[in-house]
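Note that chain A is present in both complexes that follow, paired respectively with chain B and with chain C.
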Partner chain A sequence: MSAAPASRATSRTAYAVAALALLAFLAVPWVGISNNAIRLLLTTFLWVTTSLAWNLLGGVTGQVSFGFAVFYGLGAYTAGLSINGGITPYAAIPAGGAVAAFGSLLIGLPTFRLRGPYFAIATIGVNEAVRIVMSNLDITGGASGVRLLQAGRFSQAEHYYAALGVASLAFLVSWRVMHSPFGLALRAIREDQDAAADVGVHPFRLKLAVHALAACLTGVAGGVFAHYTAYIHPDGVFSFSTSTSILLMPVIGGLGTLSGPVIGAAVYSIVQEEMVVHFPQFHLLLYGALLILIMLFEPGGLAGLWRRLARRLRGGGP
Partner chain B sequence: MSVRPLLEVDGLEVAYGDVQVIWGISFTVAPGEIVTLIGPNGAGKTTTLRAISGLLPPKAGKIRFRGEDLSGRPAHEVVRRGVIQIPEGRKLWPRMTVEENLLLGAFAPRARGLAHEQLGRVYALFPLLKGRRRQLAGTMSGGEQQMCAIGRGLMSEPELLMFDEPSLGLAPLLVDELFAKITDIAKQNVTILLVEQKVAHTLEIADRGYILETGRTVLSGTGKELRESEYVQRSYLGTG
Partner chain C sequence: MGLDDLLNLFVAAILLAGIYTAMSIGMTVIYGVMKMVNLAHAGFMMLGAYFALEMSQRLPIDPLITSVLAAPVFFLLGIATHRGMVRFVPVADEPTLPSLLLLFGLWLVLQNFGYAVWGADDRSIFTPLTMATFRFGGIVVPVIRLIVFGIALLSLVALHLSLQHTWFGRSVRALTQNREAGQLAGIDTGRTAMLAFGLGIAFTGLAGALLANLYSFTPDFGGSFMLRSFVITVLGGLESFSGVAIGAVIVALIETFSILVVPANYQHAISFILLVVVLLVLPGGIEGLLQRWRRLR
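After this line comes the complex of A and B, so read on.
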């Protein structure tokens, strides 16, 4: 059994790749790349953030949530309304993360009493309830949404760097969590919650904590999105399809890993870009099919598939 | 005994819903002792351990640890005081490595800072685990998993280590090794409360023991006294 040392070597390579990628991404706005490509990268970074965040709860801790649009939306609206109120984006966007984290506690307190599929189902209900409430409030602009007044203050490069910064933060936070006793306890909860409680892990409290951390990162991503697009509406940011997108990416990429959610987000963003142009209605069908294939044949996602191929290429058996 | 007991169980009663299974069990464990609870299936041994661990609320009676009342406290608070149970059926995390399983044993704040020293101690006691530390726990044999579960219990800097049928399902040769390891652990100043069906083996290593039947304490004494008791020989050792 050399599974652990192998994956450790793989992850060392992954960190080197990540560092090089970060340098390359920092240089992007200066190398005369098209605005459209920068926009695509920016979107990818936001999805990388939500994907890594969701993975902390759904992948590492094994609590599948269909309700992350709530945090994305809370972050987007908090940031958007604060910016309209004259607050600098540097305070408004983190405030989005804080409000999302607070919201996650309100949602987690009742729903983490439930286990497994019951928790997942409850989050669907919460997501729909929040979306409907938000669509009917005056402060959110109702179904017609809110336009951000001072959106012109950031250049595209600044928006790009904000998204890159948030994605890097999510990566660092994920790395820290996954290499800490906290992360070990989260995995123990995923594998056997009762055994975890036996050794003094408090599953309920740790679930609330990781939920809040994931919600905060998702909310910050929502805030950057709101500032960038300068227009948000409840049926967009709070929608159930936003929740399923946030869930799909880490599942496609590989749950519980660091590289999986990043790969999943990148693949999703690129495929999305092509699909929306050519087959506007069919992209969800494709993801549905992809999801079924992954669950049937490679539960480790694209990261798992890559590991398996790499082992085979080295001649180390299946 | 002049030393103040580490654990005092006084008139414990426990019920599963309407069904009461423990009707007033009392015993004490002094620091450094190996104490055993013996009795037939259904006597309430496992239930007693679960009540001490905080996994079942007592209906009546007191559980005192270092003089502090623990009855009705949740499991994680009991663990934090150094009262650790090695569960029956081993309850490891099969898809995590041996070393990850061990490190999780040191999750309680009182042990976390010492995790790496403790890991060394556990590997010294169970060299087999060191050789397999990167192996997934679920891929080991039953005996190896039992050692891993005991090692995980030791990781938490226990003051009182409780075993529930540790020999269950082990090959005879491993049973001897297991009891030798338990004696080794006791020598490292860990107090032990042992529930076992292998009565002869258990009374060999125990300082004192209590016989439980249908939820009550019916007899107690030193290991030697119980080994020589006619009642125990007749009912449990099959020699009287």
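After this line comes the complex of A and C, so read on.
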């Protein structure tokens, strides 16, 4: 996977592209596009956030988790219940991230003793156990969910900016991590955990740290989602299918890169928007098939496919 | 709670253990030969359940008998799956993430194929046998569970015989113990892997069809049974065929007797919590635990 530090010229173009994209997205609510399009963008930003977060653990560090709905749900419920308790969303949503990060430590402490696929399987169990507990607790309103009170309600533009802010934060954090010694150590763990430990990387501690970072971002996204939809229930935010979606986007977009998870999330949101209304089942059927094809033919995902096509077109090597 | 109640629970647990063994053995065969964790297990179980349903609607034969047909059908399905995709994933001595994600993708495809074809409604197979019971002293035994237990047991005996007395069985056992040594001895690994995958899926489909006679199901069917299979195979030491039976008995006993202490709402969480606990505390299964004890003494 290409993850070498970019040369100065390409990073300057990358900055320019990122700045332009940010400006364009900032302007969106002012140019009079439909509410529906804004909603689609907002959802995309939330998925971009969870994809980038999942990618830090699953792509960069190579620890596949089927349990990110736990953090999305913890963030959503913390924010939702705090807002209902009269706390301003500006405090409630970050609190969601903090609770999710704390939850990730509780989950990571035991499960990171397991390696690769066993960790992955354990997270399936964790996810389902947490969902069942959350469906039965009194504080979460049980299976019937929580309706958020209207006090402190955002306008749609405010929700939009919240989601954009969270996605930008996730992008910035991912960029910083991937271009830091920390990110290098995480990559070393992915390639060979034992060899990494031999050269002084502490796999267990670093996995816990990146897990908490990813959980925090996912929790904040969950908080923004809860505030936006104003109604959350355990079979939505804590469901295994939420975990599945969070996993599918970065894997299909391209693991271990910055652009991959963003592409994956954008494609996922748009395809979902088009398909869910008419063929709700075919959406995941399509994504399952895509996952199979990517595992068989292009482990670099859509981003890898794009790089390969670009190289072909330029007439370079294979 | 009298002695009869405890005996009843015990009998129920043993009957459950039979089908749990048949359900998990497919995972063990595939793990043993290919070192792959079959995340598509749930999808094939679900297909097995709908296979039993379709058969029961089309043929005027008892669904328990047609359920047995699932074994050859799913054997072929497994071989096709191996030919079509699984064989392209590189094999290693440890389970790899690409194989895990590939089979996860297959599960998603199967599950949503199920939704597209059969819809999301709860289905069940109901025959005159469904509610029949017979008494044996103070113990009440549902007839259908006894028959399912019998079929599971017969299929396991057949598996045991084929593993002990055929060349294919020897190859499977050899590759399970030591892949490289098996290759050096001239085992055709590709062919053995294909047949083993077929066999594993055959048992998975059969278990799904049999379970369809006991429980209602939707295209989501199989997920919790798959996690139980993980628990059972890990308890059994991942690649030990006799260990699976022991693991199945333990899981069935825990699940059955837990109704005495765990509130009904949390019943479903037991298999998930068990999965995490077993992976953490007993990664080497029962065998590993015994070894540790022996070393300590």
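Heads up, the rule we're going with is that the second predicted complex is superposed on the first by the 301 of 318 C-alpha atoms of A that agree within 3 Å, B and C clash if a C-alpha of one lies under 4 Å from a C-alpha of the other, contacts with A are read in each partner's own complex, and residues count from 1 in each chain.
Simple rule for what comes next: a residue touches a chain if its C-beta (ideal position, glycine included) is under 8 Å from a C-beta of that chain, and two chains touch if they have at least 3 such contacts.
Computed from a predicted model, the values in this text were never measured in an experiment.
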* First (chain B), second (chain C), both or neither touched by A:292 -> second
* Asked: Between chain B (first) and chain C (second), which, if any, makes contact with A:244: first, second, both or neither?
  -> second
* First (chain B), second (chain C), both or neither: which does A:136 touch? -> second
* Determine, under the contact definition given at the top, whether A:128 touches first (chain B), second (chain C), both, or neither. => second
* To do: Figure out whether A:194 sits in contact with chain B (first) or chain C (second), or with both, or with neither.
  => first
* To do: Pick one for A:116: touches chain B only (first), chain C only (second), both, or neither.
  => second
* Asked: Looking at chain A, which partner touches more of its residues: chain C or chain B?
  -> C
* **Residues on chain A lying within both footprints (that of chain B and that of chain C)** => none
* Partner chain A, residues of chain B touching it in the complex -> 53, 55, 75-76, 79-80, 85, 87, 91-97, 100, 103-108, 112, 115, 134-136, 139, 152, 156
* Asked: For chain A, which residues count as touching chain B in their complex?
  -> 1-5, 181, 184-185, 187-188, 191-192, 194-202
* **Touching residues (chain side chain C, partner chain A) in the complex** => 37, 85, 88-89, 94-98, 100-102, 104-113, 115-116, 223-224, 227, 230, 265-266, 268-269, 271-276, 279-280, 283
* chain A to chain C touching residues, read off their complex -> 62, 64, 110-111, 113-114, 116-118, 120-122, 124-126, 128-129, 132-133, 135-136, 240, 244, 251, 279-285, 287-292, 295-296, 299
